[in-house]
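Take a look at the structure below.
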Amino acid sequence: MGRKLPQFFFALSMLALVLIAAAVWQASTPSWKNYQRAFFQLEAQGEPNAVTKAAVLATPPQIHQILLPGLQRVDRCTTCHLGVDDPTMKNAPEPFRYHAGLGPHIPSKFGCTICHGGQGLATDVKDAHGNVPFWPNPLLSSDYIRASCGRCHKEGDVPGVPELTEGRRLFETEGCHGCHKLNGVGGSIGPDLTDEGASHRSPDWLERHFLAPNVVSAGSAMPNFHFTREQARALTYYMLSLTNADMGSYYSSMRLIPSPEYGRQLFVEKDCIVCHAIGGTGAKVGPDLLGVTKRHSMEWLDEQLVNPQLVYPGSSMPEYDLEANVRTALVAFMASATQEDAQEILAHRSNKLTPEDVAIEAGKRDFARFGCAGCHGTELQGGVPNPNAQGGQVPSLLHVSDDYTKDEIIQIIRDGKVPPLDNAAGPTPPLYMPSWKHLLSDEDIHQIVDFLWSMQQKAKDSW
Amino acid sequence: MNLIREIWQSIVRRDPLSTDKGKSELVFLNVWLHIHPAKVKKEHLRFKYTFYLGFITFFLFLILVTTGIALMCYYRPYPPMAYQDMKDLQFVVFMGPFLRAMHRWAAHAMVVCVFLHMCRVFYTGSYKKPRQFNWVVGVLLLLLTLGLSFTGYLLPWDQLAYWAITVGTNIGGYAPLVGGQLKELLLGGHTVGEAALIRFYVLHVAVLPSLMILLTIVHFWRIRKDGGLSRPTWKLRPNKTEALVTIGAPAEVAPLKTVAASTDKTYGLMEVVTGKPIFETVTPEEEEDAVFSYPYAFFREAIALMVTVTGIMAISFFFHAPLEELANSAKTPNPAKAPWYFLGLQELVSHSALLGGVVAPALMVLVLIAIPYLDRNPSRRPADRKLILWLFTFFVVANLVLIVIGTFFRGPGWAFVPPWVHVVSGAE
Amino acid sequence: MNRRDFFSWGTAGFVALCSGVAVSLGAVVRFLVPDVFYEPPQVFKIGNPGDFPFGPPTFLADEKIYVFRDRDKGFAVASAVCTHLGCTVNYFQSDQKFHCPCHGSVFARGGDVIHGPAPRPLQWFEVTVTRAGQLQVDKDKVVPDSYRLMV
């Protein structure tokens, strides 16, 4: 029998106790707690009141996280970066500094890693910043961070990021599609780039790759396109922005607070100014919106946005299928909107709003509203079968300006027209152009004709 | 005070431990302890004979059950949440990394210990009559251990897990006739995916552990019924062959039965139930040879338990469980390797799919199960069993060599790369 | 082995073992207490005061609250959870009441039960202004219905 067994037993018990205590201690002292303590100190400095000061210092440490369920992302960055949404932390040292210039991209709704990269789930500096093995997206350096705008803003110019536009243009014009697939389109000689932004490649690697593909990736079949440094950077930006995840639609589906500011944004997005003026500025197809919230109740306005026809039979306003929050935001904006707002919105519109544009827009609505599209098609293509009419179909209106003058067309709309017969002995064709003079005002008819002529222009341009 | 004593008495219901009767009753009045005999042979307690490998394996299983249940509270068997939950364990669950590491390392240790335990039983010839069937149960337990480890391997849903299981199940897919269907049944599809994850989870937390517990009970019960742990009988002093053991005889009555004393047997509860203290019914040599389970055996078992737990805790404190990138079916790591205990098979498969995927595993399992029935040699003395010991040693070494080659000497494209050569896998 | 030795070392070892087991049990309990919740936080910022219109309350669906803003009285935040069985109540501007879709409880604009099975008025939560000027709601702090925040 081992004589030393009791001693061995004692030593083992002590070792077990020490180990479990060490494990508990290690688990109870994560590094983020130190950061929170430092932040509370910083906050307390600015507090004049002793009671609040003590309360701030006594805040229990706690992991903060931003849940983005639609994107399956969890960002715990704000556990240490505690001042991101606190403007008084403008001059605080990192990691506590306020994040200025975010516009509508508030951290509590958008998270952090969506733009910055890094490992949102992590709660210690090294892992969170993502420069660790087995994490494909480390933090993007400040040189490249604007590339992330392209993850949601997939089309058009992204304000402040000309590189993205240039990168996209290069990708489309330099024939990249020939070898690379992007969103299902393209060749398969090179790798599929649909989810390139989520791959492990560093911006630096990408940029050097575009300058000399063979040097970075030995044996690569990619030819050297002799891009300039700027072009390489633009392409790198574009690559970094490519992602499978439908981030844009997640964020736009999010319920933002229906603030007037959000309403204004929607007002711009939906281009309401094309029909509505505010205080006389803007188009006059629909009613002027200045003081509209005083003329009508909230419910009326809300209902009007849901179903314009129901509230106001004959209203030419289309149904926009807006969410409740969006409607509330629009009404909130209308309550505060002034002529200056309208001027500003007009000034920022990419295409200037001319009286002709307004007329054409109105004509388009009338064309749809009075059912012209039913026979002549929404794209004026015609083609609805009409037996025994000349050509057997309702005529296309795409080339109407070649065959008629504006006055002739106005006459046809006013008085109607029976189509010429294909076979004089045959039956009367079922469809004919009715007379519209009792239904449409002269102004309406002029607008429709303007619309038709504007479409001719487009059709000719596309030749 | 009286009430307390009464309550205590109602719980333990035995004589004080200072008496021999009390020591015996501690064992056979206790549902948890009565799998032990009241007395055990001194040889059973000797470290150098068993290395306590069976106990250590069982204790590792206990660690795995406890840590496993704790981990289940933070696990959703659905991709990619499964992977996110691993990250959560790592970053936002108190002691999460520690518990996960304990579970991981205990699982690896259990595979090792089961194997070593099997080697010990083989080398001491302990599978021979009457213990043949318990060896078979033991082989089944080995297979269950591998199954548990393998199914658990997928659950973190990282690249390591995903590709190890893909490769592992494909090895199984080489089995003739049923291989393909079996793989499909296991994966719930043709490739490792969501369906495979939930199936592996069910196997890992419900099916296999239940089977494991059932078979462990049988295994333990058989040890007891087959005469306790085996002893190196060939080393014992020759017994007085004529010595007789009177069983179940109160002093004044004629004995129920008189049998020849055996060196390879402990006398169980059933044999002393009529009331005579056991040591009066056995020969003096036998009695000298045996000690009470309490405290000698229990104390040593407790030490073995503590060594196991402390060892696993120490490893887990310093080494975290691995976690790679999120599983990606489009990006195969080069080389993709099965869990280490299957790397011997993968190595064989790389030479011949038939050999590694069918012949070797089938032979291994069948021969292992059949060993006690094929080996007709009654002697347990190593000198009498040279051939079979060499054969078994060859089997063990071959296994180890293949596993070591597969683990450390195989680089990208399954090329032979010694571990000291650094390969840059840069070709994008 | 010496009997005294056994008891001294053995006892000390036993004490250490018991402490180890106690610490482990505590650690397991602590392990089961989650540090993060996958649900909307109890304390959250809802935006700038200017974001909220006057008049009918603003419903924030994710947080299940109604934000009231009155020109002269200021801000108040009501729970949208019916006190009967936890359904989400709807506010109707037409009768200025909360209606519960599940069992027909009706609450006045001030939260009091008008009729229906609901046993208690709707809860009102504390709303404060952070130093950064944002409104912050704390669902853990229930306040009387007279509570108002002036900004």
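Some notes on this structure:
Should a chain be cited, it is by its letter among A, B and C, assigned in written order, with residues numbered from 1 in that chain.
Definition applied: contacts are C-beta pairs under 8 Å (C-beta built on N, C-alpha and C of every residue); 3 or more make two chains touch, one makes a residue touch a chain.
Being a predicted model, the structure only gives us computed values, none of them experimental.
When each chain is reduced to the average of its Cα atoms, A sits farthest from subunit B. Annotation: A-B is the more contact-rich of the chain pairs B-C and A-B, by number of C-beta pairs in contact. Distance between chain centres (mean CA atoms), subunit A to subunit C: 33 Å. Averaging Cα coordinates per chain places subunit B and subunit C 49 Å apart. Separation between the centroids of subunit A and subunit B, computed from CA atoms only, is 58 Å.
Across the assembly, subunit C contributes 17, 27, 30, 35-36 as residues in contact with two or more other chains.
Shared interface positions of subunit A, defined as residues touching 2 or more other chains, are 1, 5, 9, 12-13, 16, 20, 23-24, 27, 63, 76. Among the residues of subunit B, those touching two or more other chains are numbered 88, 92, 94-96, 306. For subunit A in complex with subunit B, the touching residues are 1-2, 5, 8-9, 12-13, 15-16, 19-20, 22-24, 26-28, 63, 72, 74, 76, 119, 121-124, 127, 133-136, 191, 217-220.
Those residues of subunit B whose C-beta lies close enough to touch subunit A in the complex are 42, 45, 47, 80-81, 84, 87-88, 90-92, 94-96, 98, 158-159, 296, 299-300, 302-303, 306-307, 309-310, 313-314, 316-317, 323-325, 426-428. Only residues 70, 73, 88, 92-96, 99, 306 of subunit B touch subunit C when the two sit together in their complex. Those residues of subunit A whose C-beta lies close enough to touch subunit C in the complex are 1, 3, 5-7, 9-14, 16-17, 20-21, 23-24, 27, 43, 46, 62-63, 65, 67, 76, 85-88, 108, 255, 257-262, 298-299, 328, 331-332, 335.
Taken in their complex, subunit C has these residues touching subunit A: 1, 5-6, 9-10, 12-17, 19-20, 23-24, 26-27, 30, 35-36, 38, 40, 44-48, 50-53, 55-56, 58, 60-62, 93-94, 130-134.
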